[in-house]
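Below are two complexes that have chain A in common, paired first with chain B and then with chain C.
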Partner chain A sequence: MTNLAHDISKPRRTFWTMERRDAAAGYIFIAPQLMGIVLFVLIPLGLVFWYSLHEWNVLANTFNFRGLGNYEQLLRDPALPQVLAASAIFSAGLVVFNMSLALLLAVLLDQKLRGIVVFRTLFFSPVVVSLVAWTIVWGFLLQNNGGINGLLQMVGIEGPNWLRHPTTAMISVIVVQVFKNVGLNMILFLAALQGVPKELYEAARVDGAPRFKQFRRITLPMISPTILLTSIITIVGSLQVFAQIAVLTQGGPGMSTTVLVYYLYQQAFQFHFFGYGATLSILLFLIVAVLTFAQWQMRRRLVFYEN
Partner chain B sequence: MHSKTFLKSAVASAAIAASLAWSGVAWAQDAVNLRMTIWSGNEAHLAMFNEIAEGFKETHPNVNVTFEPLPFENYTTTLTTQIAGGNPPDLAWILETTAADFVNSGALAPLTEAFEATEGYDMADVSEQATALWTRDGQLYAYPFSTSPFAIFANNDLITAAGARTPADLIEAGEWTWENAFATAAAVAQAGEADGLVVRDFNYQVWQNVASIWNGWGASPWSEDGKTCSFSEPEMVEAMTAIHDAVFKAGAMPGPGENVDFFAGDAAMTITQISRASLLPKEDPFDWDLVPLPTGPAGEYAVVGQAGVGAFANAPNVDVAVEFLAYMTNPENSAKLAQFFPPARSSLLNAETLATTNPLLSAEQLEAVVIAGISNGKVLPGHTNFAQIQQTVRAELDALWQPDADVAAVLANVCNRIAPLLAQ
Partner chain C sequence: MKTDLSPRMKVALYGLMCILLIPFVFPTWWMVTSSVKPISDIFAFPPDIIPRQFDFSTYSQVFELQPFARQYWNSAYIAALVTLGTMIVSSMAGYAFARIKFPFSNAIFMVVLLGLLIPSEVTIVPLFQMFLSWGMINTHWPLILVPVFGAPSVFATFVMRQFFISLPVELEEAARVDGLGRFKIFWTIALPLAKPALGAVAIFTFLHSWNLYLEPIVFLSSTQMFTLPQALTQFTDAYGGAMWNIQLAAATMTALPVLVVFIIAQKQFVEGLAHTGLKG
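Right after this comes the complex of A and B.
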């Protein structure tokens, strides 16, 4: 009691004020996550930039400062336009096909039918399959004497050598990737569709709006935040495609499916040009950053927020 | 726990941990752990290597050698990633195709003096032809522990069923040429039960394996000094035309994008190294034969694949690693290695030694394929910066593996693309 009285009568300025304690607790709570980001994202990012200014010969154990030499090489690299074109085609094809298929599936599965959950599970299941296992199985199917051409032959069609022609190889890697991940976007769309208030449709029906107009004027605007989210995820994901290319085509035929990440892997890990590989990853980082920023900016014009 | 108590106990435990760690360092000071990366996961191979490592322990009780199998498909990539990550092995197997990269880069420790100083090593017994690829300025940088010739395995059951002539018949008649080999392969393919000839591990990507065919035309990818591209030379154009015809006109070889396994009984013949004999089916076997490569327009020839083993110059225990390498490749241990890997020592290169270690092969097969192959064989093509050259050529050659390809034009493109890389 005397102690307390003493404390009240003579307030001491302690270091651990209430705010500081709260702040410290907050920092301790986020510390594990923050440490992870610093250790595995920020420091490597800084190192990659540092490497990109060097010529690093792993075998000879040399690490020489090269200034902007790697960036100059990037601008002069005769293979780069082809690589960027392959990346652009892959990403565009993937985003368009993935988003439209996901939306179509979501609309079809947004029904109150017996056993609809089975279908939803079925379409979602590839998402949880190991990517490499999925791709290897598709590799067998897409072989010239593989399952797909076998099926086509049964109905009298001579199938192409899927992974051996530039066009069909690109289509193949896109389709394999879309079938793998379409379930994720589908579930996100499905959730968005189920969040659209039913009264809006009732009102539209009273006004005599046909089904397509309802979809165009009500559904699309109402789910546009989800469309933005899925398109960002899908585009960023499409720029990072690697395993499918490594397993199915190794960047071939020619350079037709050598996308940026695969090219980066070749330069750094196969050809041992780690400095130039780091420069390519800086380029990839910038592309992803710019695209995401642009999409974020567009949200004001394209996305409808209820509140 | 009170914060002060907590602090005290934390400091105390850290101090205990540090002192324990320190004593651990002191205790382990003279123990040497060597790590060798290899691309074989075969248990018999590992048992033999461990036996050799145990033998080394008798004179070096503080040295532990571990063998780390890495997947063959991306062996060099994994190895260089380990080096880049600051965790290089002490010793490593090296593929013939990347020999130039490793030997010229200065990554490997020189071996010649250490080997010569080792009692009973007998360096003169190691064939110079075998060591050529691994030597720079008269100094050996990796020991070629395996020199394995390419040969043809044939499935005589399939060939006779198709009414074609077996390689053995053709050899006896003195007509074992590429023309007749392709004809036999085509006959089996046409019979419809199986495919013709498979160049194993080629898959229309690992094109250097096709050297086992084009060397018969006297063709080579680049000049001896490695500076000039020779893909567009007439010999190569002729050889590639013959291969293209065999694939797309005669159907003698399964086409691109087709996965065919000879050892599963799905093809008439396959070109591969003799070590693959272990893949021959034990249950439900077929009548097989092992024959040398056919003669081409340039006459008789042989092609060998090589594997070397070197010690990394920057590893902390490089001297011990080199010592172990000298022990591992001395005459006594070379005889053990010869169980699985055709040796570089002339004294071991006889049908007698090889027969005890390759029970599947007859004395004639060993004489005709292994000994003749190692003595006259040309090593698969390799080059400094091989990985980049390999990929560049692979990308250009994709245009060749189409039914209507213009062989000469494609090969000219290959040279255009790799000329700057070769000149570097």
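Right after this comes the complex of A and C.
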């Protein structure tokens, strides 16, 4: 087909051949996106690095070159281990809980049941509820005398003051985030499940393989590309969590829920240490890059591709 | 896995799903019902699942305590502009990366994909400085320009590219033989076929903009300019304590319209997201 098109356009011996016009069109089409990336991603990324080499306090109006001083400060920052631990616990907890719940819900929704669309709609509904509205309601529910402890008390359980203890506060922010967004992964898994060829199950059934074995040996490998993709999206997303922390716990109690983005926000925009904030940004960038790269590498070993 | 289930199994599955639904549905129910309870009832024990008395004055108080109508408009028009802008930028770029041969297209695509690796949180400090030097702090420009052209639109471009790659090329080839230009082909042939992908892009772009929180609190400082997520957290008394029922009334007004639209159009919503280049 392509060759045919070229043959027809050949007689013109102008500068603007089909190829050249096409290439020009290509550059025009990508221009807005590419300029945006240069202006709002690449230049700021360079600036972040440049700022991170400076001592920069906006209030005191100081901007002094400090070399790697901010990075030394980063390594000696007594808060850093806590912040990294909080980020790691939050991300790990979120990914494990989110992925397993999404898979469970997708398998349930894949069953032949009447009214399943109603369930699908309801499980998905928090995705479209405004994030801060959702978080505020959960903050209200998680108060010491709030709805959750009220319900627990009705069945004779004395609930903790959820947002005031380090462990339960961390569990709370994870759970609130999972129920908000698990619907997205659920839908992607459901689409993947429905894409698994039925013949594979027929064959397994003829061989007498039990349901669980079918799931482990057929379903999981067949949907593993989706699992990989959603886990990358979920992990990177978990490192960006901010609103939930800001609204529910403000990083507390103590520093127990101060994840990296929240710490970065505090340092840069509450304490006005822009140079140190930029250094934390570099750290965040490196973590995202390494995690994405590692998962992409794992793809070769863990993911099954049909072709 | 689809086999006909025994009646007992069906009952068990329905039961399990109903229990699992509680944390998904109860918060929204609790938000709506608590917003019309008098303040004395909202922490009542045992909790009133259905309000005993109604107090709608919370809804008028929302508008008295904050310029809430203005803030609503801010969020709505920003989200609309960002959605429209992203659809244009990402469908053009996605089409070019999928279909048009031009030098360095793969290298440029890799550079654009970097946007996926660099969440806006990483660049928030220099972005603040840039918009400060352009005199755009406490305006809505950062909340429009960065999502449309910057990192958040890269995912949309990726989705559009995946979609156009999966589209049969024959239709376009025929049009090219007829001498149609690229832009005409894009506008009259490719784009109308891309409605499902555009729909998905529109949905998640709108939700992303509607939910934006870090950027507004960094870039905006006056209540007139605030967006809804930011405004929702401002309903506090003189001691900084939350005015729960008023806050929940504002939250209800923020959440309910989108929820209603979703329930009406849930089929397009869910299937649009599911069948859009997200299959790895």
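In this text, the second predicted complex is superposed on the first by the 289 of 307 C-alpha atoms of A that agree within 3 Å, B and C clash if a C-alpha of one lies under 4 Å from a C-alpha of the other, contacts with A are read in each partner's own complex, and residues count from 1 in each chain.
Keep this in mind: a residue touches a chain if its C-beta (ideal position, glycine included) is under 8 Å from a C-beta of that chain, and two chains touch if they have at least 3 such contacts.
Since we're looking at a predicted model, the values are computed, not measured.
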Inset, instruction - Once the structures are superposed on A, label A:Met170 by its partner contacts, choosing first (chain B), second (chain C), both or neither. - result: neither
Inset, instruction - Please work out whether A:Asn145 is in contact with chain B alone, chain C alone, both, or neither, and reply first, second, both or neither. - result: both
Inset, instruction - Pick one for A:Asn161: touches chain B only (first), chain C only (second), both, or neither. - result: first
Legend entry - Which of chain B and chain C A:Phe274 touches, first, second, both or neither: both
Inset, instruction - Would you check which partner chain A:Gly252 touches, where first means chain B only, second means chain C only, and both and neither mean what they say? - result: first
Inset, instruction - Considering only the touch criterion stated at the top, classify A:Gln266 as touching first (chain B), second (chain C), both, or neither. - result: first
Inset, instruction - Quick one: classify A:Asn57 as touching chain B (first), chain C (second), both or neither. - result: first
Legend entry - Dominant toucher of chain A (residue count), chain B or chain C: C
Inset, instruction - State whether A:Val41 touches chain B only (first), chain C only (second), both chains, or neither. - result: second
Inset, instruction - Residue by residue on chain A, keep only those touching chain B in one complex and chain C in the other, then list them. - result: 140, 143, 145-146, 269, 274
Inset, instruction - Mind listing the chain C positions that touch chain A in their complex? - result: 1-5, 10, 13-14, 16-17, 20-21, 23-28, 30-31, 34, 42-43, 45-47, 88-90, 92-93, 95-97, 100-103, 105, 108, 111-112, 114-119, 121-130, 145-146, 148-151, 153-154, 157, 169-170, 173, 176-177, 181-183, 186, 207, 210-211, 213-214, 217-218, 228-230, 232-233, 242, 244, 247-248, 251-252, 254-255, 258-259, 261-263, 266-267, 269-270, 273-275, 278-280
Inset, instruction - Over in the complex, which chain A residues touch chain B? Could you list them? - result: 56-61, 140, 142-146, 161-165, 250-255, 258, 266, 269-272, 274
Legend entry - Touching residues on chain B, where the partner in the complex is chain A: 77, 80-81, 83-84, 101-102, 105-107, 204-205, 254-259, 314, 385, 387-388, 391, 394-396, 398-399, 401-402
Inset, instruction - Please name which positions on chain A make contact with chain C in the complex. - result: 1-2, 4-5, 8, 19, 21-27, 29-30, 32-37, 39-45, 47-48, 51, 105, 107-108, 110-113, 117, 119-134, 136-141, 143, 145-147, 150-151, 153-154, 175, 179, 183-184, 187-188, 190-193, 195, 198, 201, 211, 214-215, 219, 225-226, 228-229, 236, 239-240, 242-243, 246-247, 261, 264-265, 268-269, 274, 277-278, 281-282, 284-285, 288-289, 292, 303
